[in-house]
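Letters A, B, C and D mark the chains as written, and numbering starts fresh at 1 in each.
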Amino acid sequence: MDTEFKIIEEPDLDDPILIEGLPGIGNVGRIAAEYMIKHLDAKKFAELYSPHFMPIVLIDDDEVSLLKFEFYYWKNDNGNDVIFLIGDSQAGKEGSRGHFEVSESVLDLAKRFGVKRILTLGGYSTGDLGDEMEEGPEVLGAVTHKEMIDEFDEFNINFEDTGSNIGMIVGGTGLLLGMAKKRDMDGLCLMGETAGFPILTDPMSAESIVEIVSDIFNMDIPLDDMDEKVKEMEDFLEKLEGLQKKSMKQMDYGDDGDDEKLRYIG
Amino acid sequence: MDTEFKIIEEPDLDDPILIEGLPGIGNVGRIAAEYMIKHLDAKKFAELYSPHFMPIVLIDDDEVSLLKFEFYYWKNDNGNDVIFLIGDSQAGKEGSRGHFEVSESVLDLAKRFGVKRILTLGGYSTGDLGDEMEEGPEVLGAVTHKEMIDEFDEFNINFEDTGSNIGMIVGGTGLLLGMAKKRDMDGLCLMGETAGFPILTDPMSAESIVEIVSDIFNMDIPLDDMDEKVKEMEDFLEKLEGLQKKSMKQMDYGDDGDDEKLRYIG
Amino acid sequence: MDTEFKIIEEPDLDDPILIEGLPGIGNVGRIAAEYMIKHLDAKKFAELYSPHFMPIVLIDDDEVSLLKFEFYYWKNDNGNDVIFLIGDSQAGKEGSRGHFEVSESVLDLAKRFGVKRILTLGGYSTGDLGDEMEEGPEVLGAVTHKEMIDEFDEFNINFEDTGSNIGMIVGGTGLLLGMAKKRDMDGLCLMGETAGFPILTDPMSAESIVEIVSDIFNMDIPLDDMDEKVKEMEDFLEKLEGLQKKSMKQMDYGDDGDDEKLRYIG
Amino acid sequence: MDTEFKIIEEPDLDDPILIEGLPGIGNVGRIAAEYMIKHLDAKKFAELYSPHFMPIVLIDDDEVSLLKFEFYYWKNDNGNDVIFLIGDSQAGKEGSRGHFEVSESVLDLAKRFGVKRILTLGGYSTGDLGDEMEEGPEVLGAVTHKEMIDEFDEFNINFEDTGSNIGMIVGGTGLLLGMAKKRDMDGLCLMGETAGFPILTDPMSAESIVEIVSDIFNMDIPLDDMDEKVKEMEDFLEKLEGLQKKSMKQMDYGDDGDDEKLRYIG
């Protein structure tokens, strides 16, 4: 089994932008993307399965299912339709090849539907509850080509401090940008500030992201009911994270000091 | 060397069901499946070898042999013949790709013999010796398609608590279901409650599983001599588990604090 | 780069037997095989290179060279020529696939030269300096097909206790047997008792092995100068083992508690 | 995605030599190579990308980019043009296959441009600040074919002590030599002595290397401004090393004792 797609529908899209939100720091990207999908009533048209996800099935809503990525589309009026990508998990839980292989597959699908620009969403951790938080979480930006910075000048994105503050982007959120650049697409990454580790899922940071994305693409997404809607996503994502950690622990046997480990495998 | 089959016989099977039992929690699935194979005198028709098993050979019954999966068939009268799958080991001892690759191979073989439904058997750990144990171990169920729950309504399977109690299934027992679903087969997983860690192999839990499977498929399997018959399987499985742990320890060198490790390799 | 051969010569061999000796417990197999190669003046005809060896080059005799396996042939008078396989290292230092892939390649080469039987040589550790040592190290045997035990009845090999005492053979020495069996070859493994861990390389155990192999194949190998000849092999093998451990330590970075690690890489 | 090249220009080169400098001990090789590239104004003509690098993108100079190797050429007058290879990182951060695969790709490119000899540059650690340091760092040499030692006799390279002092070369700097030898190229490795671990980047050691390389190839490179020029490379390399360590730490989850880890992924 290689990384593979299940195509549900072949939508006809106008100059689409890919917007990615995978689980990660504060689950900022994933929550932001899923909130937009729900609000815009975007339609699922494809799924991606990969042996680079954890070898587990989730039991949810009375059925088992493999971990997967999901692609949704939304027909916009402004000339740029949108493909949203959300996932149960980052790929590559067991090695960097997974990140590369799955990101390459995502870009293959993107190219097939005519995508020339991608937008990846994530979080970055400041590690403290600083003063800036009073004015809401800041959003850092990074681009594939520096000329793009001017293009997004009017939005509330801090491009100046990204290099010095974080210096790199780890996992799918970064690789998609880097690999898009190599394939002559361009891309933008938005990273919402999250206060620190005790907060697992950070809706406020996701809200800052949604606000900017909605402005850029004229999505007209109200944020007043976001807190509430995020609650259910949060429960699912925290369950998912807990299960993946548990399963990673269960598969990490070989350490004979801990006989319990081997006993967990199904 | 890729994952590969050694086909011993090509049986002609009527609408067969695949029943899987691999080593795992309490060895519940493996013991249940092997007990049925022995009682029904099912016939071995194929073996599966894979580089995703441990790089060891067992010395058993005066001969060396690679770790393997074994497939047995049993001609049933009720319109559904049965293919049993048992294994010396879970695949993927060293990474999740192994679980995916071997599960895919199993489903390839299943498809070739016309399997449309699979039944996977395992255990789940409650972590304690609760009161429920007085009425025998409970059996939790999970399905690929929720409509199937009604179909198995008459048997003593708890589907309600599976999602909330365990939430996921790790390894081959889960992946076979998830991947079957992706390939348009359907599937059921039965997981027998085991009391906890001090018990390595749990015949009582396996008995609960055998009872239900026997009912579903009209196998007419008496359970009165199960304790005794399980004894020899138990010895083999515990030896196997011990050897795999030992070999994993032996191969885990690189830690120069433990000079003994390198010295074990053959 | 895949596992690949460099064929130096294509010898014409009569019904050859492959005799393998890789580094391992007490380096028994490797020393025994190399001693026979030197004494019989066997001729190198092939090398095997693989990305499953450590990513290092040795600097030896003023030149750098990759880790490799070496194949030598010896024309025997008794109808069975011999191919010797020795190696700088076990394959699969980083995962079991390496063991399988390299063993498969070795058998491919063996088949190409008409090998139908293989003999693998190793050591097993008793963990103590018991009384049996007074009569010299015992040699345990294991076979691919139990009928073979009678065939080797006349030699001083203990087949009875192999299953119960060690139960498995780890790495190339075992896999070559198991995979040969799957490919319809047959095989014998001889494992020399070594006293325990403080002894790194065990010439006495290797001597017991050489004695039996010499008997089986009428090699007429005197053992009186073995101690001396083994000395130089021992130095090389211990250097090799030290370097591999050191390099494994150097490559195991990622643990930021130990800043030295990253600094070692060339 | 496999290891792949982005060819920017196809220079016409006369009997070129490949000179490699990757990050490593004291960053000696990388700094030496980059200093020569800058001083000679060598021109970039190719990049190499690989899934064996870390799955991160750097944010540098306001843009994101994947980790990569870079190839530069310099037209020399003495009959041997030069290809320089520098990289952001060693390949194979997660396993030895990466080192082999990327080194093989480098040699493919080298062959395509007619390279018959390679020169790899690195450092070796003495672990102390010995007296020899008073006369500047010593440079050890290793060759693929011992006849080459005479050829480099006139330069200040110590070939005698390489085997006994270090015995092996780890990673790309060594593998490139070993694999070149297997492909019938020849090669030389120069390793500059560095004092020990507290010094992260060692310009003095790099200077010793540059001096010798400049002599060998008549590059006429003055060393008086090297300290200053090295400063900026040093900053970038130390940032890079810090980011890679941080990202490796972030990806190493599964250890549920450290809940912070999972939270970092973008």
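Criterion: contacts are C-beta pairs under 8 Å (C-beta built on N, C-alpha and C of every residue); 3 or more make two chains touch, one makes a residue touch a chain.
Keep in mind that what you see is a predicted model, and the values were worked out from it rather than measured.
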{"item": "Interface residue overlap between copies chain A and chain B, same or different (over half shared)", "value": "different"}
{"item": "Per Cα centroids, the chain farthest from chain D", "value": "B"}
{"item": "Inter-centroid spacing, chain C versus chain A (mean Cα positions, whole Å)", "value": "50"}
{"item": "Averaged-CA centre spacing for the pair chain D and chain C, given as whole angstrom", "value": "35"}
{"item": "Contacts with 2+ other chains: residues of chain B", "value": "93, 95, 246"}
{"item": "Topology of the chain contact graph, where touching chains are joined (line, ring, star, complete, other)", "value": "ring"}
{"item": "Chain B residues within the chain C interface of the complex", "value": "1, 6, 49, 51-66, 93-95, 239, 243, 246-247, 250-251, 253-254, 256, 259-260, 262-266"}
{"item": "Chain B-touching residues of chain C, taken from the complex the two chains share", "value": "22-26, 29, 90, 92, 95-97, 99-101, 103-104, 122-125, 142-146, 149, 159, 162-163, 166-175, 177-179, 181-182, 187, 189, 191, 197, 200, 241, 245-246, 248-249, 252"}
